[in-house]
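Below you'll find the structures, each written out as structure tokens.
Same chain, two partners: chain A is paired with chain B first, then with chain C.
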Partner chain A sequence: AMEVIWWGRERRKLSSRELFVLTYGALVAQLCKDYEKDEDVNTFLDRMGYGIGVRLIDDFLARSAVKKCRSYSETADMIAQVAFKMYLGVTPSVSCSNTAGNEFSLILDKNPLVDFVEELPAERASLCYCNLLCGVIRGALEMVHLAAEVTFLQDRLKGDAVTEIGITFLRKAEDRKHKRNK
Partner chain B sequence: MTIHNLYIFDRTGTCLHYSEWHRRRQAGIPKEEEFKLMFGMLFSLCSFVNKMSPTDMREGFVSFQTSRYRLHYLESPSGVRLVLNTDLGVSSARDALQHIYSNLFVELVVKNPLCPPRAPVQSELFRSRLDAFIRGLPFFAPRPS
Partner chain C sequence: LLLSVVCFAPQNYPLYIRSVPTENELKFHYTVHTSLDVVDEKISAMGKALVDQRELYLGLLYPTEDYKVYGYVTNSRVKFVMVVDSSNTALRDNEIRSMFRKLHNSYTDIMCNPFYNPGDRIHSRAFDSMVNSMMMQVC
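Presenting the complex of A and B:
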């Protein structure tokens, strides 16, 4: 695969973005060698993502200088429009998927992580290739006192029409309004 | 104008870093207790300020002053707290604290895989860069004793 890209781009130097995407692919490929079951690879990717997310949040806060978000909706917008743009160069569209106002879905039109992946191999049909992203979002949110469940609801690599990430903010027992008014 | 000392706490109250430059008087208690006291006071003060504010809040607690020194405070949404004590000649150290957070702490500690989270910072590079930055501030002039 590396040679194909090399010649296909007429021997131009590899950009750091391509290097990142290829490195991610190599990481997933290695995990597939290490773990037989798709679920195990998915779990491991999520855990790695979590470890990244708990640190990434400080870098995000330092570079974006944003103020505290005052609602789940503002937070979801921040993730899609500022964070995704900053780190992956894409802006997923955001929509709220329930009346309670704590479930959101991000639809990724373009996903740079799968630039060089066409489809999953047949024996890896349940692999969530980009599951690292779910862990990153979950870890970052936890550091700003927001517990959330983040999963892929749809995945183009699995044959779905779009790639969709679902974020469900979990309400804590304490009063949420108090935190939001900061 | 002088800078006395700097504390950096994480969201759980662990003191990640402490440096002093011109501190002429110690608190008389062990350092561990001093850190706990500082963190506890800040926690209560921020909570108090949020609760009792007569108008809409923006930044929350920013600084307090006594007749001799001023304490400047910066808290990130992720709970990292920076505290700088200076003399009264320094009206605002917000920019300096912001620089320390964004350009020193995040770059040299958060992004360093060898710096475990929630543990005091051991990185020599961070210590020396922080020291150089503080000494380079316009309000760092040491007072003749």
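Presenting the complex of A and C:
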């Protein structure tokens, strides 16, 4: 099993940021050598991200000291404006994509993870290079009792116009106070 | 007039060749190939201390009647060779150096691409457009 160390704390220094981006790239490249199918690499990245997310959430909550989110919309905003900013230094824009209010899309204008990747190699056309991020978000949300599906809806590396992450919250958040017996 | 840009691996095979399209492209390839001997000569003459920017830039390798050939070697022994039209006397040493620096920087970006294996031929749009802009600028 591969263990990935999250370089979040050293993010502030520029040279560590490059090391982080290069490390992530080496990770993806190695996974591509280990697994023939793109879907397998994507799955593995997601799984690793999940392992990071369930641990990262405590770090995030401790460092950001945010109040509990009362709605899916607040949660999505929190992910985009606080978490992404804290760990990747970018702020994706958030929009709600359905009337039920549980599907959101995060549009990434800049993505430091793909700084050095010009385009996907031809034989890796369905690789979700940043799939680790989806796992991280999913794992982190699960630790605060929010089940969600997180996938890449669009990817600049695949030729789409923007990079878009879709978050679909699956169950209602357990934010109701336990009703007292009257 | 920048006629040709070639990038060689440490083992002296070309990673990237780009020439202004003419009927006689092979002539450029030949010129550049023979200039490798001069590069190797200069490298061995310099010894082990290749730290300074000045020493990375090898300068004019040799002039022919039509062309001037300039060379540049990195610490990792990757070599860049440029062929310039002899009639273009306006190109100063500084400009040549800055062109090599740009090449070197673009090469570094390619090395950082996790899907690029050192030793592969260079197929990069960013690199191509940088070389394009250099060739157009000098014309």
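Rule of thumb we're sticking to: the second predicted complex is superposed on the first by the 157 of 182 C-alpha atoms of A that agree within 3 Å, B and C clash if a C-alpha of one lies under 4 Å from a C-alpha of the other, contacts with A are read in each partner's own complex, and residues count from 1 in each chain.
The working rule: a contact is a pair of C-beta atoms (placed from the backbone, for glycine too) under 8 Å apart; a residue touches a chain by one contact, two chains touch by 3 or more.
Keep in mind that this is a model prediction, so the values were computed, not measured.
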Touched partner set for A:Lys68, first chain B, second chain C, both or neither: first
Which of chain B and chain C A:Leu22 touches, first, second, both or neither: second
Touching partner for A:Val144 - first (chain B), second (chain C), both, neither: first
Which superposed partner A:Asp58 touches (first chain B, second chain C, both, neither): first
Intersection of chain A interface sets (partners chain B, chain C): none
Footprint of chain C on chain A - complex, ascending: 18, 21-22, 24-26, 28-29, 32, 115-121, 124
Touch list for chain C against partner chain A, complex: 109, 112-115, 124-126
Touch list for chain A against partner chain B, complex: 54-55, 57-59, 61-63, 65, 67-68, 143-145, 181-182
Touching residues (chain side chain B, partner chain A) in the complex: 11, 50, 57, 60, 76-80, 101-103, 105-106, 110-111, 117
